[in-house]
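Labels run A, B and C following the written order; every chain starts at residue 1.
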Amino acid sequence: MTFTYKTLAMSVTAVAAMGLAGLAQAAYPEDDITYIIPFDPGGESDVTARFQEPILEEELGVSVNVTHRPGGGGAVAWSEFQNSAEPDGYEIIGVNIPHIIGQPIQRNDAGYETDDWRIVTFFHSTPNALIVSDDSPYDTLDELIEDAKENPEAITLGGSGTYSANHLDMLRFEKEAGIDLTYIPFSGTGPLKGALEGGHVAGIFNYTMLGTEMADSVKVLAVAAEERVKALPDAPTFKEQGYDIVGGAYRGVAVPKDTPDEVVATLEEAFAEANRQITEKQEPLGFVMEYITGDEVDEVMAMLREAYGPILEEAE
Amino acid sequence: MEMLLEALTSLLTFESILTVLIGVSAGLFIGAMPGLTATMALAMLLPFTFSMEALQGLIALGAVYMGSIYGGAFTAILINTPGTPSSIATTFDGYPMARQGRAYEALAAATMASVVGGIVGVIFLLILAPPLARLAVAFGPSEMFWVAMLGLTLVASLSSDSLLKGLLAGCIGILLSTIGVSPVGGESRFTFGYPPLQGGIELIVALIGLFVIPELLTMAAEGRGALPGGGELRKKEVSIAKIARHIFSKPVNLIRSCLIGQIIAIIPGAGGNVTSLVAYNEARRFSKDPKSFGKGNIDGVVASESSNNVMVAGSMVPLLTLGIPGAPPDAIILGVLLMHGLRPGLDLFTESGVLTNGFILSMGLAALLLLPVGLLGGRLIHRVVIRTPYYFLVPSIAMVTILGTFALRNSMLDVGIMLILGTAGYFLRLIGIQAAPIVLGLILGGIAEQGYVQTLMAAVVDPIPWLRLVSNPLSMVLAGMVLLGAATALVPMWLARKGLLDKVEEDSGGSS
Amino acid sequence: MIVRLNTDIAAGALGLVFGAVLWFPRADIGRLSIIFPRAVLLILTLISIALIVKGFVKPSGRQVEITGSPLRLVAVIIGFFLWWGLVEVLGFLLTTLLAFFALTWYLARVETVVTWQRMLMWTPIILALVGVFYVTFTEVLNVRLPSGLFF
């Protein structure tokens, strides 16, 4: 072809573009990454992030800064993220289900949508557990159910939050067992311990973590997991006892919707590695490590939407 | 006993003592700055503790905590702005003292009271942890409701000038606390379609807004710095020994304040923000000269500062024995414990007994070190604050408060709320609506609501649901105390009003 | 500056306005969440009305005094809000430096005219003050301060 300035310009641009693209691909991450936790320091999401931080830094080769943006049960951080974060992979945010499923349905101004981002992975779950204190009259789940049938609404179960993982699974349990219980919402897991110890509630419907933390003074009547949780070997699952209830909180991280696939893949690997290395610290605390990425994420979301959706809509 | 001695030896290493010293100094500095609080200090220290051993990390946290609770007294006394919420009551008498030129006296009293309080708290933790813990869990939803009501009766006694305006302020505070996500229904309230408001109004934001900003605005408008005239240190006139003798000559005040501090410290959720106010109120109620409170009575400062330092170790009773955080900083300490694999409970005191006792004793050491650090630091801070011309002081404090408020939740909205509340607070002050009752309403509103709604939900099977509120013995005791407290606060006021009725009509101004 | 104002009526009126603002959104809020606020709103309204009545019958304060210069007061208030508003636009560091210089200059004017030499003398102090805090928060404490257009 004839040599003109135009072709020269075009070829230079083409080469430059390829170079830049290659640069962009190969270079992630080159700047510090901000890992936003939508809750207060000291909580489960925070503690996990602290465990993950050093390994992520090693894997990614850059500084990972954990910052907190509490408020509204996470909604403040999630809405801000969806509105203002750049899809370049330098800002990642912790996400919890079912919070991100429930809040947009329940509140008319949560400020964000369940699907308006890309969830990289769910790295662990804390299954729900029905816990009663050691001196409670119930030794097994069936005993509690019997009592509930005779005295509807008399048995009080405490849990963290309203229409949260704890509450939703308790509602499912009520439906499956055909009983009527009374749910008392508390503002977090902290107050639940006191409530149980002081006998202010008959039992609590919370996460397995409390079961391990309070191991010496409680009985775990049932766990909402597929199989028995390693940290609580003596606690039967709901499934074993005939009730198909599997649920709890899943925690993961998300990035903005249009983040490039390579960035997501890099993050997936880094978190998976972090998971492997912190397993021995987290499992004894009652966490169940998960490695849910890509399409599985959508499956889990769909499953939970199906399970909880109708209950949430009813509540509307 | 052996374990205690072992713990003591592990504490008396150069490394540990240095950690405590630095922790207390850093805590002092952070607590003194309006805008930075104990919880924030601990949250910021948290990442650093990961690289430390468990004991060192805990010692550092304990020392910073003790130092920052004490540090709040400095700015409370010198510029009428509590550095931490636990020092709100210190402003009531500390600032008037400073304006009378007795700043050093107030600072010294605050220091000694804090040392005593800190040590008492440690002793309670060491000796009485188990029974106190059992008391802590006796506080369920209905009890918490009454505790909140008890706290709200404080509004009545704190508003000595106009009861109605005080109650109005309290109501405003309670309503402000409802903005955000409701604790029981999980729905967002009063957000006016603006998602970031789901986070509600954070206590510290309101505290800084309502206490610090109006003070800054006053300084700017009047064109003066802190403590105009008469703000001299006057160290020569009053010696530390004399102040000490005065404080210890009134042991009842100290003992009562420390007890109040410990009991409120173990109530989950109420936390130290309220201890100083309750102790102050009781000190005034039992004093021989209640009218002098609010005008520079040193006993008020002593009551407030001793009780809030008891809270440091005292609130760890439910934390270490049951894993229930009594105050917000405890949640962070709990996080550190869990991270190092230490579970609260019996094990903590037996298997890891040396570590735990070392931690507890380190807080005692921190309390002791408050004396030298405080007296030296006090003079330094006093000099800086007095000598700094107002045209540097106002922007500097403004900057620190903006930074601190932002750093709380990484939210510029919080800064905006602070400024709005602050500007409003300035004008509210003019028409007689004080900041303290609003803040009190904010603190207690959430607790009252949760307690009330939770109790009624559980009582759904009862024939008369409201009776559940007084079904437990503790609830009955607390409810009785509320009635008693309200009565003893109101009755003298009615009597005084009746007796002075003629006099008031003569001078047309009256009180406002 | 003395403003003649019946403080009781003012306080009561304020209470009613505040209550009104919070009263209207209540349609969207569910049963559980509205019990408590509604009760408190009721009490607030009662107290406000009582205050207004008292203001007519036995007023406690008939005037309020704004000490110092009201002009300065308003200027500083506006200054603070501008500071806040500009942080997102210009970045924390730049905005704070500007605000600091502006406030210091404005407040020092009270005593005497502020000459350029004085401003120059102050510059290192201001830079140091702002700089130390900025660095402490961003580097030592890892707080991400808004960076706006510049830094």
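For the reader, a short list of remarks on this structure follows.
The criterion applied here is as follows: a contact is a pair of C-beta atoms (placed from the backbone, for glycine too) under 8 Å apart; a residue touches a chain by one contact, two chains touch by 3 or more.
Predicted, not measured: the structure shown is a model, and the values here were computed from it.
Chain nearest the geometric middle of the protein is B, using mean C-alpha positions.
Farthest from chain C, judged by the mean position of CA atoms in each chain, is A. By number of C-beta pairs in contact, B-C leads over the other of B-C and A-C. Averaged C-alpha coordinates give centres for chain A and chain B that are 34 Å from one another. Between chain B and chain C, the centres computed from C-alpha atoms are 23 Å apart. Annotation: 38 Å between the Cα-based centres of chain A and chain C. Looking at chain B, residues 47, 184-187, 410 sit in touch with two or more other chains.
Multi-chain contact residues of chain A (touching two or more other chains) are listed as 67, 108, 162.
For chain C, residues that reach two or more other chains under the stated contact definition are 32, 142-144. The part of chain B that touches chain A in the complex is made up of residues 43, 46-47, 50, 136-141, 180-181, 183-188, 191, 193-196, 198-200, 268-269, 318, 322-325, 331-332, 334-335, 338-339, 341, 343-346, 409-411, 450, 454, 457-458, 460-461. Residues of chain C touching chain A in their complex: 28, 32, 142-144.
Of all the residues in chain A, the ones that touch chain C in their complex are 34, 65, 67, 108, 162. Per the touch definition, chain C reaches chain B in the complex via residues 5, 7-8, 10-12, 14-15, 18-19, 22, 25, 29-37, 40-41, 43-44, 47-48, 50-51, 54, 60-62, 64-70, 72-73, 76-77, 80-81, 83-84, 87-88, 96, 99-100, 103-104, 107-108, 110-111, 125, 129-130, 133, 137, 141-146.
Taken together, the chain A residues at the contact with chain B in this complex read 40-43, 46-47, 50-51, 66-73, 75-76, 79-80, 106-112, 151, 153-154, 156, 161-164, 182-187, 190-191, 193-195, 197-201, 213-214, 216-217, 281, 284-285.
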